[in-house]
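In the two complexes below, chain A is the common chain; its partner is chain B in one and chain C in the other.
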Partner chain A sequence: MPVPSQVSKRRGKRLVSRRALPYLLSLPALLVCIGILVPFVTAIYYSLQRYRLSQPWAREMNWGDNYVRFMSDSKFWNTLVVSLEYAFLTVGFELILGLGIALLLQKRTKLNNAVSIMLLMPLMTAPALAALMWKLMTNPGFGILNYFLTLIGIDDFRWGASPSSALFTVVLVDIWVYTPFIMILLLAGLRSLPTQPFEAAALDGVPRMQQFFRITLPMLTPYILTAALFRLLESIQQFDIIYAMTQGGPGDTLTVFQVEAYLNYFQSTNVGRSSALLLILWAITFFISNIFIKNWLRLRERARGEG
Partner chain B sequence: MEHQSKLETVLRGIALLLVVVFFMFPIFWIFLMSLQTNETILRVPPSINFEPTLSNYRALITGKLETSAASLEINFLQNLWNSVFLSVASVSLALLLGVPAAYAFARHKFKGSEDIAFTLLSFRFAPPLLVLLPLSLYFQKMGLADTYLGLIWVYQLICLPLILWIVRGYFEDISPDIEYAYRVAGHSWFSTFRKIALPLAGPGIAAAGLLAFIFAWNNFIFALVLASADKQPVTVGALAFITASGIQYGQIAAAIVMSIAPTLALALYAQKYLVEGLSLGAVKG
Partner chain C sequence: MYEKEKGLARDFLEGKLTRRQLIKRFTALGLSASSAGIILNMQASQALAADFDWKQHTGKTVKLLLNKHPYADAMIANLDNFKALTGMNVEYDIFPEDVYFDKVTAALSSGSSEYDVFMTGAYMTWTYGPAGWVEDLNKWIQDPAKTNPNYNWDDMLEGVRASCAWSGKPGEDVGTGDAKQWCIPWGYEQNNLAYNADMFKAAGLAVPTNIDELIDVAAALTKDDIYGIGVRGSRSWATIHPGFLSGYANFGEKDLTVTDGKLSAAMNTDVSKEYHAKWVKMIQDSGAKDWSTHTWYQVGTDLGAGKSAMIYDADILGYFMNGGDNKMAGKLAYAPFAANPDAAAPTPNIWIWSLGMSTFSKDKDAAWNFMQWASGPEHGLFGATQMDFVNPVRKSVWADEMFRERLNTSYPGYVEMHDVSAPGAKIHFTPQPLFFDLTTEWAASMQKMVAGEVPVDEGLDQLAESVNDQLEEAGLG
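Right after this comes the complex of A and B.
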């Protein structure tokens, strides 16, 4: 536990300058960020306006109108549903796969360490570029994945170009990029678990399956929760992979929040609707991030207490 | 330690193999593609039996793209340079601003410090477009639109919270007693910070800086909204390049390889720091 500056208490003489010091140290960082807070407030203001860049003369306050209209706007509901589908599908699969791989790599052998280093590579690939890589591999003309599919008898699978498989395709790319993140977190968690409960269980002859569900999983839960919430926060805001892969298409199959807001702003120049969409997304992320931060701080305290 | 049955060893081996294939194959395949001409890429069935050529890389470096229709000028090296410059400058600025602030948050529990720290962290989680879209209008008025300065400033949104939070954790782990002892010996506050706190938090600063660099390099949306062609980093440049070059698949693959190689090399070189930074200091195993 850090002790609040004892030095300052004992040196009464220079109390004033010592008090100012922490503020002075953090001021530059704060100023840079406040410059970024201003646009945030502006976005709230825009969201309460009828505002199209192409019709500046018609700009006026319409208060909550943009939000009220969402209620009966099927495109909005599509955005909400697709965003949630994307977020839960990616995080769900990544958790299962990440946990499975972490269990596989739990023992500290040379081979396992080499594999876990290898798995860093997709995570370090820019998501937008990862989408382009998969786009090349799923190209209808020469895509290697299409070729593999023909080997097992599936012809003409159209990946991101078909409404029925577009969501699957971007979720697959997301899984490729981000599963290693969850794996790393859970592997660190697994390796930091105390060994006594497992030794005791082994002595008592508790079956491995039962050990996993009764001991490993409960003890790992805080790590799983942290990883899941963190990924959920990012996933519901995903833009790079979807935009680089299909630009939200085909049609409005993949118009998740940020993609829809981007298209609203740059294609239909509807600043009001775009801002309102982003504020709703912000409200969702604010809600998740509060749970996440609380959970994460608890985990951190625990890690400190034990280490 | 339980001993494993033969069957289990085999099953584990197969699972491990599948994991490696799934995660490594795309990188391996794109790399192979980058060494081929269009002719061998388009072969049916695909085969890894080909004469490797560096012509795609040569075209990207010289900036001359020969298509069947005409010769096309491309400036991929400019994108690469933009990525290097933007990432290095942003991380340097973020370290300069963030490390002292992290120290202040760790050592002095001043009024409102927790609130400020949380506000900064929550930036990390806000939808980037929410800030970017109004900002692009402001930037046009302020003359910052499409400048490196404006971009570096916005990149602080990625780099600063990361550095602040990771480095703060490391400063908190250093016992204040060491610093106190040094100060009692008559050293100034600043030399205590420089000689004691900074070196002890060194690994944390390295991890945070490395991670911030990779996130800055991999960023796509900021430059997509705020930068025009000559300021765009590789992430945005590669997408534009695909539209421009059409069917020169070998060159697209080579551009992707050149764009991801720096972060992959960094990741392999410093994987230990990276894993620590990624778990945000939450898990010390």
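Right after this comes the complex of A and C.
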């Protein structure tokens, strides 16, 4: 039989491990949070400084002067406009195309299943590689796309090399890479919709177009919002495609947030300005995701009949 | 190795034989030029050991950060000799140029001691030096206990050597004042014309000798699938520094002016505007259709593939495109180029691949042992004669008759071009910490002008205003 002192020791150990258990269980999450929060707080700190690595003697707190300067900096406003244009254009087109393709593939057949898998191929291509591939295809000298354009009488189309077509070109590449992402999400949504409302509508003789706008689209909206949110957050942070194809040019045509922040850090070693740019980008993404999530919750409540 | 061959190599190193005589005798012994070079290099390494204790860091390892480049290839090909000479080990990581400088910035800014020595450009040291990431190499160069007496620092081309030194005082010219030697020149590029001799002959055109002729000749050579002139155009500082700035400096124009230690923009003078207008017209009339995405790579490969008739860019692009399996190999020729008709000689701005020493290296003396070998006259000659280590930075290598003969045979006109433009070759930019910001913006402005988004006059005035704002914000203007 154990002596009383041994029993109390065991109880003590059990008590300690029971108390420590919640902390131990949450430790991985805590470590991840620290891994995110430390750079975030550091970025805030740097963004409030005049801090260039090439001028260490001039480093000082400027308490938001980087942000104030943005207000009167036409380059910053250009960056904001271009970033938003890029994000909304890409997501808009990808939603329309993704939904269209998903509707075409909605019926579960062997062919549709095979095609939907094949259409995922661009998504498996690294965006930087896709950009290089498109850069070759759009080369005004030997690009295959220019060859096709000459067949229909369009000569000298300069794609990413011209300010008038550079945005169109990178948006096109983004659409090629990411439309399958939207398509697969919406296809999953379409195939999971209940069949009863559609059967009832068919019995009542509701036209297909009306079925789509009155039944399919409202029921699919949570999926559309989810897909749009994911893509918008990624799109507004786009770097690979734009940098690989044009380095942000010609001129300042495509100097989106990430390109500007990258150049400010790695080329100009202007840590303060680069951090401030990224924090503004964070604020924009936070604002956009909040809107989306609020709407998504509202829709869910409505679907449950709570709205 | 056979004693006879070793004796011949020894006689050469002792000055009893000229290089030509040596090669003749090696040939008589049935040795190929490359085998002879290797034997000579091995003997040279042994001769090096006679005057200096190369073994003082035996057993130590130096780690290098390298850009994928023929200069790095030449060094790697000769590395066994260094290891035999010093008893040291060398490790290296090698990256393509697209990502190379990001890797350097990340390694240095994080204070990593992983790399002891790295390849750099002189412009980069205008950031690395003041940031405290690289060592001033004067303290090793001037220390006889640490530097081989035959290193012969004065053998380095003066303009090139000075271009790697800067006091850190914004606006003070390279190599002047209390200049710190932030890096050691390794190989360098001048900017001149390389042209397709067959295309010129077929068109009955002479090589242009100033900017106006260049515009006319480039236009005359432009056809459906061939464009007249290749120059860089991407939204990068690298668009400004080669041909463009070489011609700009030839008119006596500056990027910035320095008054009482304050910097201000100088790119909107009347002469500058006239030069810019000509440059822009040349690209619009005769440049690549996708000029705004052209880096050195496209400029070079288009010349090699026969898509462009000439380039005004780094001379070594013309060198490399005239060999290998390039379509136009053997058809290229070279010419020194002075954009200003009133200028006495060309004034090429230069790019210098150099070696820098990380401040965070744990054994700087061992790192220097490697650096002095890699930038020494023996390796320079090996690289230039056995590999593609052009352009060498040492006068002794340029004076080597076999090297000159090799170039004259395979690359006619190259040596002459180099010799004519070398006296005016140096960095023509004003050294200052915002170099990359301002030149990238300059390139972006040029893209707008070429695209017709803004007139040249207006574009340059806007650029000057923006440059002045940035200089003021950084406390430099």
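As a working rule, the second predicted complex is superposed on the first by the 260 of 307 C-alpha atoms of A that agree within 3 Å, B and C clash if a C-alpha of one lies under 4 Å from a C-alpha of the other, contacts with A are read in each partner's own complex, and residues count from 1 in each chain.
Simple rule for what comes next: contacts are C-beta pairs under 8 Å (C-beta built on N, C-alpha and C of every residue); 3 or more make two chains touch, one makes a residue touch a chain.
These numbers come from a predicted model, not from an experiment.
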**OP:** Answer with first, second, both or neither: which of chain B and chain C does A:Pro180 touch in the superposed model?
**Re:** first
Original post:
Of the two partner chains, chain B (first) and chain C (second), which one does A:Thr285 touch, if any: first, second, both, or neither?
Top reply: first
**OP:** Please work out whether A:Gln55 is in contact with chain B alone, chain C alone, both, or neither, and reply first, second, both or neither.
**Re:** second
Original post:
Does the superposition put A:Ala126 against chain B (first), chain C (second), both, or neither?
Top reply: first
Subject >> First (chain B), second (chain C), both or neither touched by A:Arg214 >> reply: neither
Original post:
So, does A:Ile144 touch the first partner chain B, the second partner chain C, both, or neither?
Top reply: first
Original post:
Which partner, chain B or chain C, touches the larger number of chain A residues?
Top reply: B
Original post:
Touching chain B and also chain C: which chain A residues?
Top reply: 139, 141
Original post:
Of all residues in chain B, which touch chain A in the complex?
Top reply: 2, 12, 15-16, 19-20, 22-24, 26-27, 29-30, 33, 41-46, 97-98, 100-101, 103-110, 113, 116, 118-123, 125-135, 137-138, 153-154, 156-157, 160, 164, 169, 172, 176, 179-180, 183, 189, 214, 217-221, 224-225, 234-236, 238-239, 242, 249, 252-253, 256, 259-260, 263-264, 266-268, 271, 274-275, 278-285
Subject >> Residue numbers on chain C that touch chain A, as the complex places them >> reply: 101-102, 105, 109, 126-127, 130-132, 225, 234-237, 288-293, 307, 433-434, 436-437, 440, 443-445, 447-448, 450-451, 453, 473-475
Subject >> Residue ranges of chain A in contact with chain C within the complex >> reply: 52-58, 69, 135, 139-141, 156, 158-164, 245-252, 263, 266-270
Original post:
Which chain A residues qualify as touching chain B in the complex?
Top reply: 2-8, 19, 21-23, 25-26, 28-30, 32-33, 35-36, 38-40, 42-43, 46, 100-101, 104, 111, 115, 117-130, 132-134, 136-137, 139, 141-142, 144, 147, 176, 179-181, 184-185, 188-189, 191-192, 202, 208, 223, 226, 233, 237, 239-240, 243-244, 257-258, 261-262, 265, 271, 274-275, 278-279, 281-282, 285-286, 288-289, 292-293, 296, 299-300, 303-304, 307
